[in-house]
Structure formats: structure tokens, C-alpha cells
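So, here come the structures, one by one.
Consider the two complexes below, in which chain A is the common component and chain B and chain C are the respective partners.
== the complex of A and B ==
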């Protein structure tokens, strides 16, 4: 579909209010979903929670093939289907909900820069670990990725995916990196995030504008932005996922303010919000115990 | 004293010390940090491992990739980021990620994929700097790699055709330029009055876009509408690269165009001629004042020395 037509559809959707039956699709939580997809999905869930928009999490084995961009998560709202955090933020903004309206131009530029840092370093490192690190590929990725499918297909699909990701890594110059170098990059990224966050509750503090919005929704004065949602999605997933070794989560655990940040968002936006997605509540409580 | 460092990178043109973004980034950082690099414009990719340019050679260590070279320079105590706070250091990393994700695809596209630009500017320029048999092969390889990178990182559903991907990467790049312009505002550099790593990266990415004359210039047109970014590039070019030409470091050798060199040679020849004529004139009387001649010669020698420095 042409981009112009897509933009037009988005405009059409803007007038409609957020429906009660909005759904977010991702792969099966317990046996299939991989680290990077789980992080992206959690980031979108956190973003929608912060916007106070209810969404039901639906787990489907073929979620990847249902998505318009071939990437999870995607949301189904009214008669619209939108995938990935960036477009979802745009879509939600068209409906009149935005977390970054109170920021000035420089802060907006900074927020976008940090979001690219997370995508460029954390997401790529997660993909590297799960598709290029031989131990992880053998012990976790192939088993989980192909789990819903019968024998020859599970192997074929996961090798196909692995080949695709490795080509991408080669194109961006990550193919020659060793696991140590990748972990060092993760450390550098976490250090930058930690220094940027400092002692603040969220990444951007000055949100005095957007008073009408505040008045209408009675939200607290200091509000998170989509950057907070993205960082939370990735760091929380890294901290709570069992891998072949805990080298990756150790890198994050070195930064106490980032851990406190994850805990803060989890308590504020995920505890007591699990009524409509009871299936994920159990796994989440398991995760919580891991975090402590 | 640290070992001499030699940087091999693509040469310059259009008033730039190098037309290659990565090479330019390293050269700018070296200027900002005062690292004494000897710059070699390469015409031979055999030396570079896997064709990666720029490379830094210091004694027996060979380093490629701008980020690694910058790290090496920092370890050698050539640090342009001394005055930055930890938070500014974090911002630097974030903005470099922004440049790589949003601006680099469109930059690669403008240079290597856009057919008209590639055939009439990029390919002839690089081919003329690579020795013969390789000149037929390498530019095509670099073009294929650029296209490959764009398609693998930005392609895929729902963007199936190249034109759709192009529209998306140019939209991203323009947004990135706007963000940089807003971030820079009216200040001279990104963090106050002294240039740092981030300035080197932004300059490296923007200056080729700004200066190289392409037939297709949609990104350049957008950049020229952002006066503070243009001023930023011009300032760095005039303060850090023109001055260097007349200084003792030959790093900016490529900005000295052939004309200036010819002029220098002409002036030198002329002064030699004048000296000879002077000598002949002085020799013509019966008692040549020998002392005066030597004085004259010495003066002539001193006069030509600053000019000689110009020619690398």
C-alpha cells in the first residue's frame, strides 16, 4: 500500500475514539517469544498504559505473519492495524493522545536521539545475541522460534530467520564483532542511559505545558514519555529473561538507577492493571520475583 | 612522545578536505583534539583491510572504523571531550546513533544509489583515484554494498519497492536534519564554544552533503534551508581546515588546490631568477661586494621558505 494512502487511512481513523476492544498481538508468551520481540512488545504495552489506553494482549503463534510489517507487536484498533512502537506512537497521537507534547523542541530532539540509541545498540545487541551467538542459538533460539511448528518446518523457518538477521548484521558491520564487544556496547549504552537519567524519576522532567490535557485526565504532573516506555521495555526484558548466561543482565544490573527506574514503571503501570490479561499475570509475577 | 600517526583516507574536492563522511569525521576530530596526524589521500585499497577506509596506522597497530580510531586517539591523550559532563557524553552517544539510523541511509543513497549522482559524480570521482584494474570494480562494489545496507536495514514489508524505501529514508533524513538544527540553535558548537566528538560526527555527515555538487540534490536543498547547520559547516571548514593549510601540519593538504601549488612554484622560480639577475648585475663591476651577495641569498632563502611550506 502506498504511503500516501496509509497516511490518509490514519487521518480517517483519527476521528474515532479509542475502542474498548483494542488488542495487541504478540507471539506465545511462555514457549515461543524471543528476547527482542518481548522487549518491543513490552515497550508498546508500557506506552499504551502510560497513555491510559486499555489494550488486551493476545498471544498468537503466527503473530509475526499477521503483522503488516512482519514485526511484532502490532495493535488492532477498530478497523486499523498498526505495528511497531514508532508508527503506534504516531497513530495514537493522531487520536489525540501524546506523551511528549509538553517537551520543547530541543527536548524532543534529545528524546528521539535516545530512542535511536536504544534501537541502534540495545535492540541490535539483543538480535545479535539470539541469532549470532552459537550457544544461545542452539539452546534457546531455534527451540523457541520453531516451537509451534512440526519437524521440518520448525528448522526451516528458524534457519531462514537466522540467515536474514545475519545478513542484516553483516550490512551494518556487526558480523565481525565478538560477543565481548557486543556486551561492551550494551554497557556503554546503559552507562549513557544511566547518566542521562541521573536521579530523576523519568528521562524528561520539565512538563509544565499541556495543562488542558492534564486537567482533563487528571494525570500526575511529572509524566513519562515514549522514551521511558522504550527503555523500560528493553531493560525490564533483559533483566527478567533467563538466557544461557547472565552476562547481559549483569551489564544492566551495574546501574542501580536504571533498576529503580524499571521497578518504578512496573509498580506504577503494571501492578493492578492485569485484570483483562490474566494469562500474562502469572508470568509477570514470576518475572517480578526475578527482579528482586 | 607518541609514535607518529598516519591516517589513510579518501581525498578531497569541492572545498572539502575529504568527500568521504567517515574520513572527514576522523580528520575533524584530529583537528579538534590537536592530534598530529599525517594524512595520506589513498589511491590504493590494497592496504586497507577489507576495503575499510579510513585507517589509522601508528607504528605496528592498524585501526579502522571512526569510532575505534577516535578511541585510540583519546588513549593517546588527544581528547576533545575533556570539558564535557557525563550527561553531555551520553548525549553525544545518542546523537551519533540518531545520525547513523536516520541520516546515513539517505547519505549513502545520495552518493551511491541515486543513478544520476552515481554515474556523473561519485563513480568518476572514486574511479579516478583508484588504480586501473580496481577502478573498474571497486566503485560498483561500494555502490552495491550501500544499496544492500539500505534495503536490509530499511526495506521489507510494507515497503516493497525501492521508491517507497527511498521516500521513507529521505523523510527520516530531513527530520533528522531538523532535529539537529533545533538542537544546535544559535550556539557555535553542539556543546558550547569548543568542538567535541559530536561536532566531528555531525560535520563529517553534513559537510559532504552540503558541498558536493550533485545533479540530484533534494537533501542538499533541505540542508540549505537550515542556515545554522550551513554556518556550522562553513565555520569548521574555515577555522580548522583553511588555517591548517598555512600552518606546519600538512593534514589539510587536499584543500590546497593545484593552482595554489603552481603559483607557489612560479613565485619561487621568479625569485630565483631575480636573484640570479642580481648576482649578474653585481658581478659585472670589477669588485663584487661578496658580503652583500651572501646576505641577499640568505634573505631570498628565508623569503621562499614560508611559500615552500605551502606545497606539501
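== the complex of A and C ==
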């Protein structure tokens, strides 16, 4: 029954064009949002930019609880509410926009594998750092997570979330890991991504119709895929977030092609927007603090 | 008063005549003095709380007075809720210091056990639930009570722990501290709510009114009941903390709370949230008024009026959990449960101001079947209900508000049968004709069933 309902909803979604007032919801940018949520939100924003679909970012303190799956970000398009990058990609595909339909089956499988790698390694490492590293938890997470709420609710919600994440870490076997091991994993993940990227502009460089003006020349258009959006979201956030120590961002900085990749996507898809809160990646300076 | 007429037996008749007069003299005219009051069966109950309840017995001047005051004392002792039974024995005084008109009054009491359990079913407004309870009566000897209750119902599950302490000598004045967790599901708004809270309240009577002062701190969690909930309800999901002070006043002169025959009820309730912490800030007022009058032929005419207003303080809009709702078999009949007023995609959002009124005529069943027995539990009733619910823009002023509440009045009329369940609840089966229906309201025209305690 649920599958039939999903199929029906997809049909319905496909029938309507992308509206002007589509909105993306996330937590409050300056005081509340954490590293992992910011990365996920940025990934979705990048993806929608790459598809050329306008969306405005709305910050709400209760975004996490508004979301149908409990995770941010989620988009409100017409009557539909869809959360997380995977379902959003499917939803957008049903409306006829896709970044990866030029890929063949092998490449699609490879893309899925790399996206899984980012979700299992990078995202989990971010969660570990936020919720299981005592220093970060004390100095950053507890202050930020419950900040829109009055005492004692801020403490209760924060501890409740911490307990939930720690339980999840135990379930996937990360509870026993130390911070060094986690950073090692991050390093390995970045190494894999860096190797796959090589010297190319994007992870999959299928040429599309049309030409584009780049570096003062007309070159064949190469479009990024959702993998690029996801990697950009995480790496850019790691690079620009100030934590208690710089160890995490240092691991990423070891790979210069990844830094160039982030800068390229930032320039191409986020420059030229207003400097207001509608886009979280528009800072001219590379270092942007997400806390204090 | 004259004795039995024995006719020819002149002398014996005379004797018989004298005795009844003498008896009457003892009962009404002879002074007695209550010399001792004994208590048998006290265990953990402290003496001073007993003293307050029985001190009146000492003031009795004659035998009828002693009997009356002892009966009153017995009622007061039972009301404390610490004795399983209380028996009174009045006897003449024996012993060295006994006066000729001295009396001894003995109260034989059985205390409740230290721990009692209970299992009941409860009827709320259109819901039923099963309640398991554990009670520690008379915990420290002065009628303190600790209760733990777990309730599982069609709409709510809840559990709660409460501590109750009356003032010794003044049972009507008491205070209690409660901790509770209540979850509720509200399909008319596609909303799920979990409240975890602590409250303390003081009850005290002033003249004929009963007052309650309460502080309550609640952690509220709202969520969508279904994936198809409207976005307005989705926006209200999340956590909030309400810390509020409230005052309620009740004057109740009715002879019963379910199907009263005479008397009136006035309840006024106000709540101020936000000044003792929390992030919800409002002032809420609501009142309930009911008047009953018995007419010819065992029929009763009843009029009731409800109203309320919620004024948010500050610039945050009001929360769906604080707003008023209207409609349903216990409110304006003929409409679906809480399905009147502002709504979004079929989810009812409630309103910040409302009023509702009802006129009822209760008569016994036609042809009075089962009279004197089962038939007395049923009544036929004819009703006229009306009401309105809306959001107000508080910058507009009272005149605009009254105007807004007076336009688009929903009303209904009909007839039905009411069944009274003890002194606890009432069931209704009505045939309703809803009128004044606005677009967006959901109606239930035709047969509507309702069960509850508080009906419009």
C-alpha cells in the first residue's frame, strides 16, 4: 500500500512544474545548526542550484521536528514535503530534472557507491565529532543545539539527542573508536575521493549538449552530478567551520584537488547571490565560523 | 403528642401516656454533657487531625444534638479518605467522674491499609479509558495521600504521580503536587501531543465559592499524526515549554453534575503563561455558565453559555495546543468533533476566541416506561446549540471582535435520548440538524452519539 501511495504521489508530483515559492528548511544558521546538518543542507542547496531550480532557504528552530523523517533539510514544494538528499533527487527526477541520466549503468552504480561512502564515512565522522567527542560536545554542541529553547528544555533536548546518537554509534560499531581512528577514516575517505576526482573538474565528466564559456574559451559543457553536490556540501562545510581544533579540516586540506573542487563549485554556483541568509555558502572568505 | 388510645383500660392508658412524654423530654429537653470521646482503631493516624474533626461533638447540648454532631463528625472522618469505616456508639458515662447526664461517644474506626490498588474504567469526552491506580492513603498520619495512576484510553495514554495534603481541620483547603506524562492523539488536527509536566495547586473555599491556584510547568512535544498533515500543522511540530500560573473559581449550586434538576454553575478560569519561564506567553480566559430550572411534569429547562479568549503576549503567534476548539457531540451538536472554524487542508487549527450556547429541555421518556427503575436513567431532550470560533486580530478593538464573533454563527437543533451513568457520565444519542455551516466545517447531520462529562 505504501509503495502504491508513493507511486501515486510521484505521478502527482510529476504533473506539476517546479513552483516559484519552493522552500528549503533548515535550523537557524547562526546560532543553532550543527556541522552535519549544515553539510547536508548545503549539499541539497548545491544540487538544486546545479539543476537550476530556484529555492529559498528558510531557517526555523524546529526544522528537525517539522521534517517527515526527522532529518534536515527538507523541501516544501507545492503540497509536497520531501526530506534528505536521496528522496529529493528522486523527487526532482520525477519532475523531469536529472543530473545523472547521462551516465551509464556502471557509472550510476559507481556514483551510488561513492555517495554511500560519503554518508557512511564523512557524515558519521561529523556526527561522531559533534556528539561523542567530549570537548566538542561541551564547548560547541550543547550550547548550539538547544539555544532557541529556554532552560531546562535546552539541556533536556541536547542530552536526549546525544543519547540517541551515541546509541546509533554503538549500533554501527563506532562507539569504541577513538578520535584518532575517526580522523584516520576521514583521511582515507578523502583519499578515495581525491583519487577518483583526479585532475578532472567533476567526478563524472560526461559531456552534455551545449557549450559554456569558461577560462575565456568556449568549452563543451560538463555537468556535475548529485555526487558532486554531496561531496561539496560536506567538504566545504568541514573546511569553513571552526571547531575546537583544526584536525578535521586539516585532513581535507591535505588534498589540494579537493580544495580546488570546492572552490570551483562555490564560484560557479554560489557566487553572485545576495550575501543574506538565503545561501549559506556565499562568504568571500574561505574561513567562516559556525559557532560562538 | 398523645399516646395510643387503649380505650377502657383507664389506668394503664394513663401510664402509657406518661412514658412517651418522658422519652421525648430526654431526647429534646434534657441537657447532656459529652464527657469523653473515645477512639478505637487508630494506628498511624495522628491525634491532632482527629481532634479537629470531632471537636464539635463536645459542644452538643442534648441527645439529638449529640447524634447529629456525631453523624457529622463521622461524615468528616470518612471524607478524609483514611478510614475504611467509621462507627459511632453513644452511651452513658460510667466511672468515678461520671455525671448523671454525661455521655460517652466512641468512634470505632478501621484504617485503610498502607497500600491500596484499584482498577477502573473512565469516560471522558467521547473517549474511554482503563485506569490502574496505586494509592498510599494517610502516608504520614495526617491524611496525606500519594497516588500513582496509569491510564490507557482510546485517545490518550498517561501516567501520573501525585501528592495530596489537606490542611488539618480544614479539609477543603488542600494542596497537591503532580507529575505527569500524557500523550494524546487528535485526528481532527492531525496532531499528536505529548505533555510531560509538573504542577502544584492550592484549593481553598471562600464563602460559597471554590478557588484553585495552580502553577504548571509543561514540556510539550507536538508532532504530525500522519504524513498527510497540512503544512500549518507541520510548522507547529516541535518542542515548547509552558510555565503558567492559573486561577479558577467555581460556584456550583446544582443538585448533581450530570443531568441536574435545579441550580446553577459558574466556572471562571484564567491562565497567564510566560512570566515564570518557558517560551510560551499568553493570557487565557474562559468561563462556563449553566442554569437549570425544573418545570411542570418532571421536565427541566437548562441554559448554558461557554466562552473564552486567548491573547498571545509578545510577537510569537499562539500555539495550536493552547487554542480553543468547537464542535462535536459534547459541544455544538451536529458538527464533527472539534471541526468548526479555521482549518487548513482539512486539519482544524482551533481559534483564539469562541463562544457557545445551548438551550435544552429535558423530559422523561414518552409514556414513561420503566418508571421508578431503569426508565428514570433515561431522559428525552430537545436542544438548540449555537457557537462561533475565530481568530482575532487584537489590534482591532473590542467592537470589531464582537462583530467578528457575531458573524457566521453556527447553530443546530434537534432531539435525542440521554442516559445517565451514575453520577459520573452521560451518554447521548441525538438527531441533529446543523445550520449556519461555513465552508470548511465538517458536519455530522443525522444521528450523532456522544459520551462524556461536560456537555454544552
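Keep in mind that, in the parts below, the second predicted complex is superposed on the first by the 253 of 292 C-alpha atoms of A that agree within 3 Å, B and C clash if a C-alpha of one lies under 4 Å from a C-alpha of the other, contacts with A are read in each partner's own complex, and residues count from 1 in each chain.
Everything that follows uses one rule, which is that a contact is a pair of C-beta atoms (placed from the backbone, for glycine too) under 8 Å apart; a residue touches a chain by one contact, two chains touch by 3 or more.
Quantities reported herein were computed from a predicted structural model and do not represent experimental measurements.
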Touch count on chain A, higher of chain B and chain C: B
Partner chain(s) touched by A:189 [first = chain B, second = chain C, both, neither]: first
Contacts of A:68 with chain B and chain C, given as first, second, both or neither: both
Which of chain B and chain C A:117 touches, first, second, both or neither: first
Chain B versus chain C as contact partner of A:171, first or second or both or neither: first
Touching partner for A:151 - first (chain B), second (chain C), both, neither: second
Chain B and chain C footprints on chain A, overlapping residues: 68
Touching residues (chain side chain B, partner chain A) in the complex: 65, 86-87, 89-91, 93-95, 97-98, 100-102, 145, 148-149, 152-153, 156-158, 164, 167-168, 179-180, 182-183, 185
Chain A - residues contacting chain C, complex: 60-62, 64-66, 68, 76, 79, 81, 149-153, 156-157
Sites on chain A touched by chain B in the complex: 1-3, 6, 68-70, 105-106, 108-110, 112-114, 116-117, 119-121, 167-168, 171-173, 188-189, 191-193, 195-196, 198
Of chain C, residues touching chain A in the complex: 219, 221-224, 227, 231, 234-235, 237-241, 277-279
